[in-house]
Each structure stands twice: as C-alpha cells, then as structure tokens.
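Each chain gets a letter, A, B and C, in the order it is written, and its residues are counted from 1.
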Amino acid sequence: MFLYNAWYVAAWDHDLRDTPLPRTFLKQNIVLFRTTEGSPAALEDRCCHRCAPLSAGTIIGNEIQCGYHGLVFDRDGRCVRVPSQVKVPPGAAVRSYPVVERHRWIWIWMGDPVRADQSLIPNLYWHADPSWRMIGDYFHVKCHYQALTDIQLDNTHSRFVHPTSLGNDGAIATAPRLRREANAIYGARLMPNSDPPPIWRRAADYQLEKADHWLTWTYRPPGSITFDVGIAEPGTGAFEGNRSRGITIYNSHGITPETERTTHHFWTSSRNFRCEDEALTRTLGEIRNTFLEDVAMLEAQQRTLEVFPGAPMIDINADAPTIQARSLLGRMIDAEQNAPAAAVRA
Amino acid sequence: MFLYNAWYVAAWDHDLRDTPLPRTFLKQNIVLFRTTEGSPAALEDRCCHRCAPLSAGTIIGNEIQCGYHGLVFDRDGRCVRVPSQVKVPPGAAVRSYPVVERHRWIWIWMGDPVRADQSLIPNLYWHADPSWRMIGDYFHVKCHYQALTDIQLDNTHSRFVHPTSLGNDGAIATAPRLRREANAIYGARLMPNSDPPPIWRRAADYQLEKADHWLTWTYRPPGSITFDVGIAEPGTGAFEGNRSRGITIYNSHGITPETERTTHHFWTSSRNFRCEDEALTRTLGEIRNTFLEDVAMLEAQQRTLEVFPGAPMIDINADAPTIQARSLLGRMIDAEQNAPAAAVRA
Amino acid sequence: MFLYNAWYVAAWDHDLRDTPLPRTFLKQNIVLFRTTEGSPAALEDRCCHRCAPLSAGTIIGNEIQCGYHGLVFDRDGRCVRVPSQVKVPPGAAVRSYPVVERHRWIWIWMGDPVRADQSLIPNLYWHADPSWRMIGDYFHVKCHYQALTDIQLDNTHSRFVHPTSLGNDGAIATAPRLRREANAIYGARLMPNSDPPPIWRRAADYQLEKADHWLTWTYRPPGSITFDVGIAEPGTGAFEGNRSRGITIYNSHGITPETERTTHHFWTSSRNFRCEDEALTRTLGEIRNTFLEDVAMLEAQQRTLEVFPGAPMIDINADAPTIQARSLLGRMIDAEQNAPAAAVRA
C-alpha cells in the first residue's frame, strides 16, 4: 500500500541532464527529463502508440520524442506530432506527473495533480544554503520503504549495525521523547554526559570522555525524515539550543517506494561549521559507509521476511517510534483510499 | 498463440555438426542433430526413460544416444536399444518433428506431420546461388515474435532507430502500397527522387543527391519476410525492373517463436553485384549493427509491455502493414485452432 | 514431500568456526553455529523481533546475538537479553533444532525433537578412523534430492556419465541383488572376471585385464548412502571378504534436501590402504570430477523435468533399485504424515 497524494523525492537535480531518465515510483514506470528551458518534467514511460519506452527517446527542446516511430510529446503528455502523418490522432497522450525542483532534489507528486500543493514540500533549506556544507548520495535498496523508515527512526540499532561510527551506549539506555501532530512525528533522544558516537568524536576532534549528545528527528510521512544530531561539552546548553561548544549535523532522507520490495533512498548530511575544511568533509563522508551498513541489514531482513511470510513479530520498548510512524502512515493511506472522491492512482 | 502447421527456420545449416543442438520452438524443447549420413533430425529433447535431455547425449550414426543410461533413439523417435537389457520396452519413444535442409537453413514443421508439405517452404534461392553473395547471422531476441515482424514491415521506424544506416525521410513521407493474398502480404514503398539511406549510398558509392529508392517485401506468415531494396539514379526505370543504374539487395528474415516472450531471428542480406568485393561485403555487413538496433528497441518495448499489461495502443496511418499482417496471422491461427480434425500440437 | 523425523547431514565439522552459517534444509531457513564451548547449535534463522536473519549476527559465548537490535538467544532458542530494556518480553524465542557432531559431519533433526534418537545416525566410523584415509567435499546441486539418490543407486549410468573413471561394461551386464529391511535397502552388484573401472585400475596400479569387481551399497532413507566398492584379482575371494589381493574403497553420501529443486550433497571417499601415499590420494581425488559429472547430468535432468511437468516415464529393468528406494521413502513419508500424533514440522 502506498500514499499517492504526496511529494516524493524522484531524483537529484544533477540526475537530469540531456538524456531522459527512466525510474519507477510506486510501481509506476516514469520518464524524467529536463526541458531545454531547464524545467523538469515527468511522463508515463510508455509511448501511447506501440508501448516503446519514452526513456529510449530523445529530448527535443521542451518535448520528448519516442525513439521508435518519432511521436513527440510535450511536458503535459500531449502528443503534438506524428512524423509520418499531418494530424495527431485524437486521444494520443500519456499521463504526466507534477514535478518540482527544490532543495537540490526533484520532487514528484504521484496522486491527483490538482492537489499537488508545493507548500507541502519539506523545507530542507540547508541543502543549498551557502552557510551549510552538504554531501549526499542515492542508494537503490532492496527492501520495503517502511523498513527503511524504521531503521532511521529507531537508532538503538546503531550500537550493533554501526559500532565504529554512530553506535553509542547512550541511545540504548535513553528512551526518546515523541510528539505527534496530524502529519508528522517528532522524536528527541537527549543523552546528557554520554558516550559520544565515534564519527562525531572524530569530526569534532573531541577530547573529553563524555559529551551531551542529542539526536532529534522529524518524520513527515510518507517519505521525509530530517535529523538534527550532534555532541557538545556537557552542561553547556546544547539541548536548549546553545551549540557554541559542540557540533551540529543535519541529515535528510528522501525515502521513495519503487515497488513493494525496493526503495529509492536519497540522503544528505550537512554541517554549518568549518564548511571549507575538506579533510573534515572526508571524515563526515564516512557516513556513506554507515548508511551502506543499513542497506546490508535491510536487504538481509527483506530476504528473511520473504522466506517467512506472515511470521509473527515480538515488540520491544524501543519500537515505540517505528510503531507510531507506521500507525500514522497507515491512517493517512486509509484516509486516502476511503476518500469520497478517490485520488488519482495508476 | 502460435501457428503450428507451418515451416519455421530452426537453425543455420552449419549449426548442425557433430553434437546435438538443444533449441526451443513454440515453447517445445527440441534436440536437433545431423545424422552421420548427413540429414537433419529433430526430436523432443527428453528421454522417455528418466527425462534426461537427449541434447546432453551423443550422435551415433543415424541415431542419438541418451547420455544418462544410454538409450538409443532413431530419427523417427523410436527407442531402438536399451544397453542394460535385451528388449526395448513397449511404448519407448519420443516425438519427432519433420525437418528439411534448404537454402542454407534447417526448417522444422511444428504441427501435424502428415501436412508437412515441403513445397510450402519459401524459395530463398539467392542464399545459395553462386551469382549472389549472402551474409547473415542469428539473434536471440527477448520479444514476442509478432513485434519482430512489426518492426520489419513498418520501415517508418528507420528514420529514428537507424538514422545512420537505413533511415531516410522518404519512407516517412511515402505510404506503401499493400496487396494481400490468402497466405501472404506484399508491400511496396516506392520513393522517386528521394534521399537515399546512408548504407546504400555507401555501398553504391552513390554521388548524386537524390535517388529512386524502393523497398518491397513479401510476408508469408508466420515467420518469413523477404525484402527487395535498393537505390538507382532517378528516372532510370528501377521501379519497373531496370536495375542497371543502381544496386539491389535482398534481405531475408526467418522469425521463429521460442516462447511468448522470446524469438529466434535468422537473417540474411544478399547482393548480386561486385560479389567478390570484400570491402563492399564489410560495408554491407554493417547491416548487422542496424539489426541490433532493432533488437535493442524490441527488447525495450517488450519490457515496457510487461510492465503495462493490457495498456491501450493508439494506431497511426503507418500501422497499416503491421495491422494487416497481424490480422492475417490471427485468422490463420483461428482457422487452425477451430479445424474439425485438430492439428497435432504439443 | 520430505521426511521430517530423520537425521540429515547439515554441514562439515569445519564449516562451523567463529561465524554463524545460514543454510536451508527442507525449505526451512536455519542458522548453524558453534558455541564458544565447542558444541554445535541450530536455530530458525529469523529474529523473533523484526525478522532480521540471526546469521547476520554474532556468536557471543554460547549464545548468538542479532545484528540489528542486539537481542541475544541461547542455543535452545530462548531470547535471554534485550539490550535496550531490562526484561525480556514473554514469548520471545525462536525454534531450535537438535544437532549432533559425529563422523566429521554435523547432523540435524528436522522433526519432533523428542524423537531425535542419536542412535539412528548412521555409523560412518571410517571418516575419522586413523586406519582410514578420507577425502570429501560438499556440492550444492540444483535437483530434487530423490534424483540424486537415484543416480547413486543405479550405477548402470557410469558407463555413459563417467566413461573415464567409474564406467564399466560389467555393471550394465550384471543385475544387482537387492535386500530390503524396514528402514534400509542393501544392493550388491558382483561382477566376477569383469572389466575394472578405470579409476580403480589406476588407484591399484592394476595390470591384469580382468578383475573381480564389486559394488555394494546401503541406502538408509532419507539421506544416507554408503558404498563398499573395489577390485581384486579374479577368484581370490574378494566377494566373500578376502580383500588381500585387491583394493577397497568406502564412499559415503549425505543427501539433504534444501528445497524441492535443490539439494545439499556431502560426500566422502575413504580407503584403508597406502593411507600416507599422497600421489594415490590425488589419483583417488579424481572422484570429485566424477561426482561433478553426476551434478551436470542431474541439473540437466532437473531443467528438463521442469519444462515437461508430469511427463510420463518408461521404466527399464535397471530401475529396480531406484524404484524400491522411492517406494520405501514414500511409505516412510506417508506413515509420518498420517501418524496420529503429527510430527513437528515447520
């Protein structure tokens, strides 16, 4: 089950250059392209004539031409030209999707186009703000998208999955505070005078044994999670906002279902200190390996789930954030499915 | 759906040497082999004893021996020897198929053997005629066989799929004349004073800007298409048969279903001029890359069709030949399926 | 269909070192590990919390820790620790399987644990006896386990599948004597004054043209076959037990279903003569290639069976041992399935 009336991250801005990009979201095959004018476009990746994929075609100005018989479609999906005849047949068109370029990412709306309100796109200003330094990447992960959400929201796994980078004992000992709104969940794990995770210790060149360590996040279903994490000298007010004696990192995750078994994972890690320090950028770039440890665990879990379909699961206390997150998304999907005027779906 | 009572190209003559060749036609697993006497044979590729594939066995004289327990079968499928006992068990046999070697290809009849009339094999004499020079190859294509027929019969695609070899603007601007008989369709696209396709221009070392260009074909369902194509100086009577001021190429296609998603493609390209000119043979050999461009498009189309099962398709005027071809084959299949004495099928 | 109340070979003893080993038996995903104390253990390979595979975790003392959230399980499958909380939730456990290390192999009982009688494990003392020299290996074979049993019990195939090693004409000409007990079948093919198989001729440096050649076996369903094979000078009493003028080889096979289409094959080949002769060990090691010839045939047969589901099979006289073996195993499976108190199954 998917939520359709939502913005999903579809691509990095630099993924769209001068050739079409085929990509599947929510089991729908889509071609993304950037018009010569520079704006992104997204169409069903299937020519309405003989089902050739439009992604095997060519961008021509603000339009895309099928590579088989040359039919041309505009960014609204209308066929505007058939080279071998004068008139375009009635009804010749493919589905188009709303797309927006913002915060270095291309966002796609998979539901009813009239409901595609751009103000619903999360504000990830630090991706492009000159006072921040952002790194990021894209992973194709062979797991259900909710499992990828789970691993982000419950960081008691870090002690076991990321022992040399994010793992610490404090997270295991400290329960997070959760706050729920209509369309978001906020979590805060505050660990005063705790063992700092190895990667933040290295990044800050931190010498004290203990630190105040925080890990707060916002989950906006279905696919956006942002983190504010860091360490500071104990008792210097970091939890209340004084970060002058510590370091702050903002991590963002765009989690977009490809199918029920595969997921697109767009992520960034940003800092607002020593932005020009390339050695530090390399140190913080180790987070990529950390996130690949997540991928390995998630894909192993997915394989196991497929071998034991319907196996019962035992809950533990640490599951509180993931249970709340699944519950909120589940209710949003139910509401959409049961809406009187059903949302547009494939 | 397949047509069973028909000759299909099964192999090149040189594919059959001293070892058995496993190949699947119309979803039936078959072993082809050449007897020591030199004639081709085709049996169900399954020993009647314990289902070992006979293709893992050995040719012994005019018979084939299973590689597991040594049972021997003659070319009619009868088990003639069981090494570990004196008598052959009653009923020990596998299905055999009529096969004929002709025009450098091995042809197989997939239906009722009593209806296997060799006079129905298309006459492709130029494959072996000393006044012709033939090149050819075999492709395994991951698409439905009718899609491969389509791409051959509608050459408006050449402008887009083969821009550097067969593509020309004339084909897009000129509708073909079609003529239909009981078991064949003839098409003729005559393009006077038109832009010659690049590969024929190179082959003829043609210097004029315009040429009379023709492309005529015969489709004999289910699997045979032959082309007469070429260019000549404008107004020199090439369309009426005078080829003295131009060049003529005969292309043949043997299109044989393997499964509903995969197809065997046997093809040749033949010329009757400068037959000894090896540089010219190399130039004309570029047609192989052209046909591989077809394969890439067909496999992309097949993948898309599988993602959008049952998607509607919009027809355009250029579809006339492929619509007629599918209609004719469809009626032949219907007639076979509804025949009072049902044809033999697997 | 599988027999559950039985010992199956699960691994070589040296397969279990300091990391968990995931392996599937009878379609059940299992993690094998060796505790720090040294004894083998086997659990369902699925954490009861969120279905991560325990095989992606870590052995800690006599327990195994899940690599996701750190839950710890003892060798009986009980969850004994959840790092992020004090108490273990009620019902937190995974299935455990009886395992025994014996004769260099790890044996697993897939049925009701209370019936796991260790005295039912076949006595393969020669695997570890200092007066024997054993070689062996493991193959993963893509075939049904009964097909692998078949190829072992009917050695008329050797003349065709193993012409350069085990093949001989005598086996084809000589029917085996069979004897059946409640839970075993014994076969004896005695070939006096026969053509010795090439590999035994090489191993014995045998110079005479003919030899007394024997091949006797014991099949204990579902997965154990042991062979006593060899050659001796004709008329020197080898069939009656005097092996002084010949050589004796004991081959053992542990055949364990992985799925209905794939099988674990553990095998050994042992001798009790010239045990220190490494050149001889290499010569006898050629049996590995011989068994790989079996694998190639079995996998070809499996592919063919899947293409022709339900195809009829003709029996020949040489099928007597395999028909008896399948019949015995079939009755054991029926008895287990119909037992009043059903055996434990996955």
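Please note the rule applied: a contact is a pair of C-beta atoms (placed from the backbone, for glycine too) under 8 Å apart; a residue touches a chain by one contact, two chains touch by 3 or more.
These numbers were taken from a predicted model, which means no experiment stands behind them.
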Query raised in the report: Over half shared or under half: which fits the residue numbers at the contact of copies chain B and chain C, same or different?
Result: different
Query raised in the report: To lay chain A over its twin chain C by CA atoms, how big a turn is needed, in degrees to the nearest 5?
Result: 120
Query raised in the report: Which whole number of Å gives the spacing of the CA centres of chain B and chain C?
Result: 48
Query raised in the report: Which parts of chain A, given as residue numbers and ranges, touch two or more other chains?
Result: none
Query raised in the report: Within the complex, which stretch of chain A touches chain C?
Result: 150, 154, 156-157, 159-161, 172-173, 296-297, 300-301, 303-305, 307-308, 311-318
Requested in this report: Could you please specify the touching residues of chain A with respect to chain B in the complex?
Outcome: 29, 45-46, 48-53, 56, 65-71, 79, 82-85, 89, 91-92
